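Right, one structure below, let's go through it.
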Amino acid sequence: MIPLTDSPVTRDGKVLILAMDHGLEHGPSADFSSVPETLNPEKIFDIATHDAVTSLAVQKGVAETYYPSYDDDVSLLAKLNGTSNLWMGEPYSPKNWTVDYAAELGADAIGYTVYSGSNHEPQMYEDFREVQETAHREHDLPVVMWSYPRGQGLKNDTKESTIAYGSRIAHELGADIAKVKYPGSRESMEWAVKSAADTKVVMSGGSKVSDYDFLSSVEAVMDAGGAGLAVGRNVWQRDDPERILDALERVIFEDATADEALE
Amino acid sequence: MIPLTDSPVTRDGKVLILAMDHGLEHGPSADFSSVPETLNPEKIFDIATHDAVTSLAVQKGVAETYYPSYDDDVSLLAKLNGTSNLWMGEPYSPKNWTVDYAAELGADAIGYTVYSGSNHEPQMYEDFREVQETAHREHDLPVVMWSYPRGQGLKNDTKESTIAYGSRIAHELGADIAKVKYPGSRESMEWAVKSAADTKVVMSGGSKVSDYDFLSSVEAVMDAGGAGLAVGRNVWQRDDPERILDALERVIFEDATADEALE
Amino acid sequence: MIPLTDSPVTRDGKVLILAMDHGLEHGPSADFSSVPETLNPEKIFDIATHDAVTSLAVQKGVAETYYPSYDDDVSLLAKLNGTSNLWMGEPYSPKNWTVDYAAELGADAIGYTVYSGSNHEPQMYEDFREVQETAHREHDLPVVMWSYPRGQGLKNDTKESTIAYGSRIAHELGADIAKVKYPGSRESMEWAVKSAADTKVVMSGGSKVSDYDFLSSVEAVMDAGGAGLAVGRNVWQRDDPERILDALERVIFEDATADEALE
Amino acid sequence: MIPLTDSPVTRDGKVLILAMDHGLEHGPSADFSSVPETLNPEKIFDIATHDAVTSLAVQKGVAETYYPSYDDDVSLLAKLNGTSNLWMGEPYSPKNWTVDYAAELGADAIGYTVYSGSNHEPQMYEDFREVQETAHREHDLPVVMWSYPRGQGLKNDTKESTIAYGSRIAHELGADIAKVKYPGSRESMEWAVKSAADTKVVMSGGSKVSDYDFLSSVEAVMDAGGAGLAVGRNVWQRDDPERILDALERVIFEDATADEALE
Amino acid sequence: MIPLTDSPVTRDGKVLILAMDHGLEHGPSADFSSVPETLNPEKIFDIATHDAVTSLAVQKGVAETYYPSYDDDVSLLAKLNGTSNLWMGEPYSPKNWTVDYAAELGADAIGYTVYSGSNHEPQMYEDFREVQETAHREHDLPVVMWSYPRGQGLKNDTKESTIAYGSRIAHELGADIAKVKYPGSRESMEWAVKSAADTKVVMSGGSKVSDYDFLSSVEAVMDAGGAGLAVGRNVWQRDDPERILDALERVIFEDATADEALE
């Protein structure tokens, strides 16, 4: 494991990742049409300069183009793999960016999706191994696993036991931070956090919900011992991203409840 | 991204790629029988010396044979992958040329086809990654993605949202220029251009149509913020390629309308 | 073969491996819910400091995180491959850790699962070959094969002849120690031990059974010429792991019977 | 392209390749039973010392064994890939010999079969790419593509358009010489020769036919602008190989007609 | 080819390979239960010290363990690939040992199985190529191909034409010695020997038969121009291996008939 205490991707050991790879994963129409100016990555980088954001997760092309102008103000989480939603078949996500090049561009951490449960799980584990070892051994970079059990063998990928399995897999395979879906309750999240041992666990933000519902789940994550949040649409699809980031800052870094944060 | 300002493959930030890999992709009978002298690549290289043409896209064997005689007058876009239309199965295009060898032969830019939506999308993304990183990191060469969503999961590959998805993919995966099919209207093209962020977007010429129809679509592309055109048959299948190139020069580089260009 | 006489993973030529990769292989709910504090790997490392334990087998992430604090008291058996039970298909176990990195972290031995009989047997043999040769040639590390015949061609993987086949395969492919399931009797175990020639054979502990039944099978293994035991749940799922380890120490290293050990 | 003017595999820009890999491709019974002494490769090497023969195409094992005794008198065309006819499935031909080793053994040219139209076309193109670039870049060796469209997508692989497609593919992928089947007429052959641009085209000899029929087709090839012939059985299955080589020499190198050559 | 005149794996140009990889290929129960002490490889190494034996073929694990004690008295034929009979599917045999490591351990020759006719034939040819070139180019080691046509396309793998095809394949792919099944008669064996050109041909011993039948087939092989025998069970499953080796020595190296050898 890479010590995260001094890493720019944490703040007091807590994490708030802003993620924007939806253009690749879902297409520009699905997630951007309600706030089309966010198609311009500069808009997202501007949002990511907010103090609450500990790092911004983007794909290679976005980082190559815009990160050089923001490297003083934004910490870069290089999301190495990704895929479109245009094809069919067992889940798999190819590596679109090498760790070496991410490090060369100044990345502060590496992000990688693993679909345990897919028939391609063995290939993904081998891909992850190469990424994890290069990051840890060659570049001292922490690794965030988007740990999303998914595939033919899994009907319901948000069961408590599946989420906890995902966070345990992240730990045993050597991730420093596990990004998992919210399992629905504080108790379930505690099980996922315990399963991850010393690997930090952050909740994946998911599709946009109301301020209160969103902040309440973040509050439950923090109460359960989680390290924070990775969020995309729930921030930049909002009319006022700064307002929700202010609230998240209070919940994640200042122990506020959802109610307090919205005051 | 590679700064394109000083690149020989642009002129005032605009692009006109002449493409001739139809012998490999479609066979010598399909596209050449009406103008058989174009089977001789020298004929195409001669056309490519026109001032309007910012680069010529050909396969390795053609470049090895003819480019040495034209390297003062033609800018070379090395089209690295390609396939015949003789086989069946999910779309895939193998790499027939390494970036290193293309650079050694004097290429000014790299071209690569990616079929998002194919069941082979993951493999193509990994192939593209290796090509893109070698081009950017080892040789400072810009990369043009022929971004053509295609495959079992896609019924209609010219929908506005599909074209825009293709141009976004090109951006997120690190292409400097996205070559996409014309989505049918200026408005749709604007969406594709916005989706590509700072990656330039050029329209793919397609099969031969009338002068006016062709130039009108190019005009719409330029109005939509597109960077230009990649064209093959619509130039070299014409009796007088120079005449249409003169007209394209006016539309692309001199802001002329289709009507003005044909005067 | 690597001489095991001076290896920290043996004691008087005998072996007691404590294994804990169940979080990856079975998930945190399956094996840990009865003793949830064992989800914390420190608990397992503490158990592994018992004198009877000659090495502790864990996955990379666990070793990276906790082994640095225990390297004086615990001998590390780096379990390189592993998979979740979430997916379906012919048995295969991907490599999640390279030998080089395991050696860098201070591993004293390498562990690798091979599923002979799976349609992926050829790939697993090639994977094992690379691991075995790197361990022996580059790092002088002994290799333990989890030799588990399994797959479409095998209905019953605990037949005497299958277990013996597994131990022979471990020998011919170059393992120093073969970890096999208990074939049900001392006589069957003798056949497995003879089949392994000079490769040591240890019994795989399996799911939790009563103290007496468990120790009796270990006694039979030792009587059959086996080198010892690899055990997980039968130790750390017990309320008092130290007590069973004391008993195992007597059976494995002091020639006690099950009855004597439980006195 | 490699300049062929000074290459030992041409004579006045013309080509007569003697090929003997039928033992691998068809087995010793199929093609050798009528003239069993040709099973001895020395017999074939002796024939290849005829002045008309510009190079001899054999597999690695044959070259390793016999070429050292003939390297003053025979020019070696290293046929790198090949397969038996014992298996079933989409056409593919594996690489049995590296370019580096062929060069080390003194090869004057490289030969490689490509089955465009097979579902394995993409893999064959990638294999060919590696071979072609190593030959051209590392060893200045010309490459002959056995360009044989074949596979599930092709019913009739001797159509004029298919043969011409094959010769175009050879050119675009960087072959110096294309070996294609005879398309049936001089006019069809002209189309194939034009399609190949500056890549030389030679006819593949095929199974044994009468002297006159055979020489007439060679005459048509030369009249069509072809560079010559690659022949096996039509030479060494004859009782008097020297006689047919004398005749071929007249047709290929001395512009004789079939009638004149047989006088 | 590697000159075999001075190689320890031949004696007067003749060959008698003792093979023992049946533990991997068939399991310890199938071939060893009648003479269980042969499960101990030392027993086989002792047999291999007989003057008639020109080399002993074993897998890596066996060689690593026992060969260091016998390297003065036994010549090692490193059998690199092998597989269990537990799985199903088209024949394939994975590489379990690299040539480099075999050479490091002191191997005098390399052995490799190739199943022509299997749908995996292309992969096996590529595997063989790498092995053959490394052996010949890096280590001057001769290569023995176990050339066994087998797979979906082959109903009867002991037809005369199939055996001859196998020996021809061994020659064209660069084997120094071809190990083939006995085709049933001296005449058929002559065809196989001729098909192999200068590659030596040895008969594969097969399952245990009577002394006379066994020696008669060896006599026929020698009369047909074969170089000798590769034998396993027909030696070490006998009560008195030395007696049959004495007889084989007379037939193979002293031109005795089966009758004379048994006197």
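Each chain carries a letter (A, B, C, D and E) given by its place in the written order, and its residues are counted from 1.
The rule is short, and it goes like this: a contact is a pair of C-beta atoms (placed from the backbone, for glycine too) under 8 Å apart; a residue touches a chain by one contact, two chains touch by 3 or more.
Here the structure is a predicted model, which means the values were calculated and not measured.
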Quiz item: CA centre of chain D versus CA centre of chain E: separation in Å?
Solution: 35
Quiz prompt | Gap in Å, rounded to a whole number, between the CA centres of chain E and chain B | solution = 57
Quiz item: Which residues does chain A have that touch at least 2 chains other than itself?
Solution: none
Exercise. Work through the pairs of chains, note which ones touch, and then classify the graph as line, ring, star, complete or other.
Key: ring
Quiz prompt | Chains listed in ring sequence, where chain C comes first and chain E follows it | solution = C, E, D, B, A
Quiz prompt | Complex contact set, residues of chain D against chain E | solution = 21, 23-24, 27-29, 32, 36, 39-41, 58-62, 64-66, 82-84, 86-89, 92-98, 101, 104
Quiz prompt | Complex contacts: residues of chain D adjacent to chain B | solution = 1, 116-119, 121-123, 125-126, 128-129, 132-133, 136-137, 149, 151-154, 161-162, 164-165, 167-175, 191, 194-195, 197-199
